Amino acid sequence: MFIHHHKVQFYETDLMGIVHHSNYLRFYEEARVAWAHSKGLISYQTPSSANHFAVYETQVKHRKPTFFGDDLQIEVRAKSVGNRLVFEYRMRGRGNEVCSVAQTIHVPLGIDLKLQRLPAEIKAATEGELWIETWL
Amino acid sequence: MFIHHHKVQFYETDLMGIVHHSNYLRFYEEARVAWAHSKGLISYQTPSSANHFAVYETQVKHRKPTFFGDDLQIEVRAKSVGNRLVFEYRMRGRGNEVCSVAQTIHVPLGIDLKLQRLPAEIKAATEGELWIETWL
Amino acid sequence: MFIHHHKVQFYETDLMGIVHHSNYLRFYEEARVAWAHSKGLISYQTPSSANHFAVYETQVKHRKPTFFGDDLQIEVRAKSVGNRLVFEYRMRGRGNEVCSVAQTIHVPLGIDLKLQRLPAEIKAATEGELWIETWL
Amino acid sequence: MFIHHHKVQFYETDLMGIVHHSNYLRFYEEARVAWAHSKGLISYQTPSSANHFAVYETQVKHRKPTFFGDDLQIEVRAKSVGNRLVFEYRMRGRGNEVCSVAQTIHVPLGIDLKLQRLPAEIKAATEGELWIETWL
């Protein structure tokens, strides 16, 4: 299981004293990009390679708040469904408790923002992932 | 129908040349706060009043990208479901086309982050809203 | 004098209960873009036109904090100095008091990130601006 | 010399394909907080301790752009000047070249946003820092 780590920064909090909910999508993007980089699907030297992962739909569930300085652990898993790439995430914060789960769905877009077919290497990269457990 | 306007700023774009998806949750929050303010539910002078609307779940669907300088129009509607406050949003961009729809679910939290009952004035404020049409 | 208005959003605050300082550069960018648009220097339909204003240096002074819901008023003025475009800003918040002043310096860059000469229409646009008063 | 590392995320870029300039203040805050944490001045368990470092003035110089995926290295140094705490930063990106330098000035504020005296442990923490070289 791929796990991404994020340390909560001061600028990610809001006046309720907790992490602002919009930042969860940023943490999940971080985790997704790190996963894709680990699979050789994104090269930071050719940023346009990241364009394959246009965001089609996002869903985030919040179970517990997260706080300044927290060391978040984000589990990532991916699968291909037809022309779509589906990611699920499970975030653990203080006391190793699950504080958020999420799903994002992506479609392959070119630099012209036109829909493309899911590249074979992405299908291949997601084949080994286990989806036995239900997260959301 | 309550409509909130947002002009897309340069700092809300990413290297794909479009608005970063995490910012949609910020635009929808803007719209939700403006709706609540219009109903007398949030006072900017007592910011803790905004704490009633803790985010429990978000779902965003993207149909078309949005761009620097776009004048976004966001329709907002709300309803009470038991102890939860449910918002739906429909965003229109260029050519008045729908570019995103979304739902956010909120629970009333105190400043101590403890769950509270949905205040009567919030239930009352959402009673007049029409939910005939399906958005998501 | 050109004045830009910004209403402080919930997501722009941090756990101190005030606007996070990094957002001031975003508000000043908003004001600068609105100024440039008012002069016909930026077309939202051709976003690459905004590329002329690469940020070279920024300086922000904070005199008073700003808060969720504040209606900020930002005065903008610009002048050309050789190959550079200099902006100054004065922000007023609650009680019409000055809460921040700032200066940003820009150089004209092409889409290839190479330095260019300051376009004549930018020099012309800044000629009528008065810089008698000291802001910073 | 204290060095903080930051990997540039997708959401930190803008439509010019580079890191948006407002994010530099966030990276420098990250570096400052990490520095303070390393000195025992900030405890993540008591976030109010971070309130001692209210931002009074910021100045950022940009020498080279930074890009998605860059591994930024940020050197930090601090000194006390009367009631103020002064930080300087030097950021290195691709090819280990300096891409930005900055200075931020802070004043000690209480949770009531009132000015306080600079705590003795902060003065002590900054005494050993070398400021021979000029960065800005």
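Per-chain numbering from 1; labels A, B, C and D assigned in written order.
Note that a contact is a pair of C-beta atoms (placed from the backbone, for glycine too) under 8 Å apart; a residue touches a chain by one contact, two chains touch by 3 or more.
Predicted model only: the values in this text are computed from it and were never measured.
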{"item": "Relative to subunit C, chain with the most remote C-alpha centre", "value": "A"}
{"item": "Between C-D and B-D, the pair joined by more C-beta contacts", "value": "C-D"}
{"item": "Separation of subunit B from subunit D, taking each centre as the mean of its C-alpha atoms, in whole Å", "value": "34"}
{"item": "Centre-to-centre distance between subunit C and subunit B (centres being mean Cα positions), rounded to whole Å", "value": "28"}
{"item": "Between subunit C and subunit D, centroid-to-centroid distance (C-alpha), Å", "value": "22"}
{"item": "Overlap residues in subunit D, where contacts from two or more other chains coincide", "value": "10-11, 13, 15-18, 22, 26, 29, 47, 50, 68"}
{"item": "Complex contact set, residues of subunit A against subunit C", "value": "10-11, 13-18, 20, 22, 68"}
{"item": "Residue numbers on subunit D that touch subunit A, as the complex places them", "value": "9-11, 13, 17, 26, 29-30, 33, 37, 44-45, 47, 50, 67-70"}
{"item": "Subunit A-facing residues of subunit B, complex", "value": "15-16, 18, 21-23, 25-26, 29, 47, 50-51, 54-62, 65, 111, 113"}
